[in-house]
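Handing you a structure now.
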Amino acid sequence: MLIALLLLPVLTGLCMLFFGKALLCRVALPVMALAHTLLSALVALSVYQGNAPRALFGILAPDPLGVLFLMLASLLFLAVSVYAISYLREEERIGLHTNILDHGQFTNQPERRFTAFLCFFLASMSLVTMTPHMGVQWVSIEATTLSSAPLIYFHRHKSSLEATWKYLIICSVGIALALLGNILLSVAFYGEPVGESDFDQLSFFLSHADKAEATWLKAAFVFLLVGYGAKMGLAPLHNWLPDAHSQAPSLVSALLSGALLNCALLGILRGHQIMLAAGLGDISSQMLIFFGFFSLATAAIFIVGQGHYKRMLAYSSVEHMGLLALGIGFGGIACQGAIFHAVCHSLTKCMLFLLSGNILARYHTYSSFDIRGMRWTMPFTGALWTAGFFAIAGSPPFGLFVSELLIAKGILASKAPWLAVPYLLLLAILFVALSVAVLRMVQGRRPIDMPKTTKEPLTSVLPPLILGLAVLVLGVFVPAPLWSFLSKAAQLIGG
Amino acid sequence: MSQPLLHALHFVLALLLSPLLFGIINRVKAKVAGRHGKPLLQTYFDLIKLLRKGCVRSDCTTPVFTLAPCIQISATVLALYFLPLGGVASPAGFAGDFLLVSYLLAAGRFVIMLAALDTGSSFEGMGASREATFSAFAEPVLFLAMIVLTSFYMDLGHSEAYAFSLGTLFGGQSALAWLNGKLELLFIPPVFFLLLLVENSRIPVDDPTTHLELTMIHEVMILDHSGPDLALILYASTVKLWFFASLIASLFIPPMQIWQESLLWLLLIFLLAVILGLLESSMARLRLHRVPALIGAAGMMAALALILSQMR
Amino acid sequence: MLFDSCLFLLLVSNFLLLATPHIRQMTKYTALQGILLALLLLLFGHTILTVAVLLIKGILLPGLLWHTQKRLPPDSLICPRKLAAFDVVCGMAGLAFAIWLDDRLIVTQELFPPLFLSLGLTTLFCGFILIIGRIKAITHVIGYLVAENGIFLLGMPLMTKGTTWFELALLLDVFVAVFVMGIAINRISDSFASIDVARFRSLRD
């Protein structure tokens, strides 16, 4: 089952790459995504029941935390693959595009290559979430970088090339630092007897954590945090994130923001787990809190007055990654809140990015100042965009309100309750800044030069609608099995 | 044979053989270029010819101009005397003598620069200015390299009085050391080689055979010297070349039988002359503003060696 | 002796990389580093990895870079230097820092041979200096490779028979990374008519 989760996207991708027809690929993508989602649901079920599957000598052995992120990646991929049907059809229809930024002409990458790399991207993310071996995790996180770089460069123009290059270099170098972290981890545990054939490195580290050399362990965590933090978009190494998210096709941005950032977070969480087991949880928590606040503040600075709505969404991702780091750092109820937050953020952000793709296709501009009257020109997207904004800004009745409240509660219960003040203040600033931009886009008159049509393809609004409904439901009522699953995941990282 | 006597013998040998180095360099260059070339002993003939000639001195010069060649030759020869030659330490050596030696060389250079300025010719002033600039760059590098060697001998457990003398620094133990893992000392011979190029105005720093005053450094300073004065300057520059070649050679001579050491010493010095000849025929002069980069590279190497030897 | 010489040559190659402005030269030095790493692995007794490293880091990756450079105009292969010696001085500061750190850290059970830890760190620093200090896209790749070499060096004493598969996966990853970057460089040179990343100015806040 676990191997199938990897092989399915890889084989599909290879087939697409070598003998795919564009139309066939477009259909095969959602089918594969559906199969993948069902499989990962099965895995999640068996992990929930307590008999976690293992495969490949233990290289694949998911735990609740990993499965949670696996489910998220899988679900988002399903939504994106449905959205891709209309998106790719539209792209094919236009043929020769014009770059919005410098008005240069460009063509797209061959479509089968795009869909194939989407599949590889999914496969590498699945591997990240399923393995307990830190080395394999490193290799697969690097693989996510490499498989997603061609996706960002789908539109072959200068700006996307620039974004791709930044993404490649910053993430590769960051991840190289994480490799150094892994090596330091091995140094810290050097001398402990290790089974030659046992790949379950994580449980080995966790069970021997008290014998590890503290200095090396701390150094290892710093490098893991900085390395994977660059990939996750924690400030100050977040520079690639707004560029890549704004230049990538919207469905890729949705996957990057909703699924990939979580995968990088998982790498940090593994380090945090080991630090907790070694009794050094205070240090790693403090670092997480620091970077969390730093990211939150950075995001607040850049979102205020941000005219580029896709960049705005990207900075909002930086903000929410900061929130996650913060919640995990404070531990306890905040940690549960953070895990819940990760789920809700992924769903909401995916929805918003998909909608931004619709807006971009209709208005042909990145600037939120030039967009008026979305409620007249594209009623569905406009309504969902507004709802999505309320969700992402953390207002009731959406799931993010609950999770942010839980994090606030955790902060108040911690040793430094006064930190709740900057936390709430920053959230308020972000709320105002986001609402200004979003409401400006939705309200107002229909621009005169816009075509009269209000038709929107079903596959371009259905996935965001379903994602939005899911966040709404999570805000009103969390099913008990889901909540116990989340708490199980949170328990692993001190929740 | 006693140490002072051996050293004196080597010293006389050095003084006698030093003009031969120019001959070797020129011969190698000629061979590489496919010419027959001047005789090996041409420098001796030049010296004899110049000594037999009369001396023309400009009316506007002062005794500085007259005395400079004499002071320079004595300073250079004295500097050579302090150096361990052929593996034999100088009887005059003392702790810190490398300072004296480097300032003796500097004094020699200084008087020649004064003489050049004394003529009042703008060409010679330009040459003096260049010489001053490059030697100002080269001096710290020389000291840095010396410090590396000193710290190496201090690490070996020698006392300060012992480790600061040239007789120890170039006594040959470093030749064995890099075979035993002190690899950073391998940086030192290239540093000295680059210094040799700079201090002796060889290609790629300066072209001794150039005919264009604008591009000269050393040659342009001595345009107004003639006859015996010029002979002294020429001879001093051969001794100076021998001085630096001997510095480098001493780094490679391991402690052996005395006759083996002196033979190896001569062999290495002549080998160095051949290498110089090959180098000069294979590359052109650097542009002037690139010369500091060359000296900088030497300084970097010395600094690297110092970091490595000091900190581990 | 051979071991020490390898380490020493690696160190020298780092500084040569920092000192040269010619990208062709830099590519040769990375090849040299790959070969030296393979030699070190041989001395550690990892035969399979030796072959793999020699093949990938010694031949394939520099070959890939070389191939990429063939398509670029020759004058774009020289880095403009503002302050010639600055990189080297930075590298030396890195070396001094690494040696200082090496002295202060307690390493369990003589894990690292002398100079090994500081050399690995220095190589890492040099890689970063190349990435930060130069403005050509291709020097980013070379810097990444050098930094990766440094990390690889640090991981070398920890390698056992059981981790060979992981190292192979890592090498494959690095290979694919450089391959993708090579393609990206070709694209950059085609659409920007230069591989100067200082021209990347369209995306900023």
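Lettered A, B and C in written order, each chain numbered from 1.
One rule holds in what follows: a residue touches a chain if its C-beta (ideal position, glycine included) is under 8 Å from a C-beta of that chain, and two chains touch if they have at least 3 such contacts.
Worth saying up front: this structure is predicted, and the values here are computed from it rather than measured.
Asks: Which contact partners do chain A and chain B have in common?
Replies: Shared contacts of chain A and chain B: C.
Asks: Quick check on this structure: which chain has its C-alpha centroid closest to the centroid of all protein C-alpha atoms?
Replies: That would be chain C.
Asks: Decide which interface, B-C or A-C, involves more C-beta pairs in contact, and give its chain pair.
Replies: A-C
Asks: Using only Cα atoms to place each chain's centre, name the chain farthest from chain C.
Replies: Between chain C and every other chain, the largest centroid distance is to B.
Asks: Any idea how many Å lie between the Cα centroids of chain A and chain B?
Replies: Taking the mean C-alpha position of each chain, the two centres sit 67 Å apart.
Asks: If you average the CA atoms of chain A and of chain C, how far apart do the two points sit, in angstrom?
Replies: 31
Asks: Any idea how many Å lie between the Cα centroids of chain B and chain C?
Replies: Using C-alpha averages as centres, the distance is 38 Å.
Asks: So in the complex, which bits of chain C are touching chain A?
Replies: Touching chain A from chain C are residues 105-109, 111, 124, 128, 131, 137, 140, 144, 147-148, 151, 154-155, 158, 160-163, 166, 169-170, 173, 176-177, 180-181, 184, 187-188, 191-192, 197, 200, 202-203, 205.
Asks: Which bits of chain A are touching chain C when the two form their complex?
Replies: Touch residues, chain A against chain C: 101-102, 133, 135-136, 138-139, 142-143, 145-146, 149-150, 153, 156-159, 161-166, 168-169, 172-173, 176, 179-180, 183, 186-187, 190-191, 194, 196-197, 213, 215, 242-243, 246-247, 302, 306, 311.
Asks: In their complex, what parts of chain C are in touch with chain B?
Replies: Against chain B, the touching part of chain C is residues 1, 4-5, 8, 11, 15, 19, 84-85, 88-89, 92, 95-96, 99-100, 102-103, 114-115, 118.
Asks: Note which residues of chain B are touching chain C in the complex, please.
Replies: Going by the criterion above, the answer is residues 179, 181, 183-184, 186, 293, 296-297, 300, 303-304, 307-308, 311-312.
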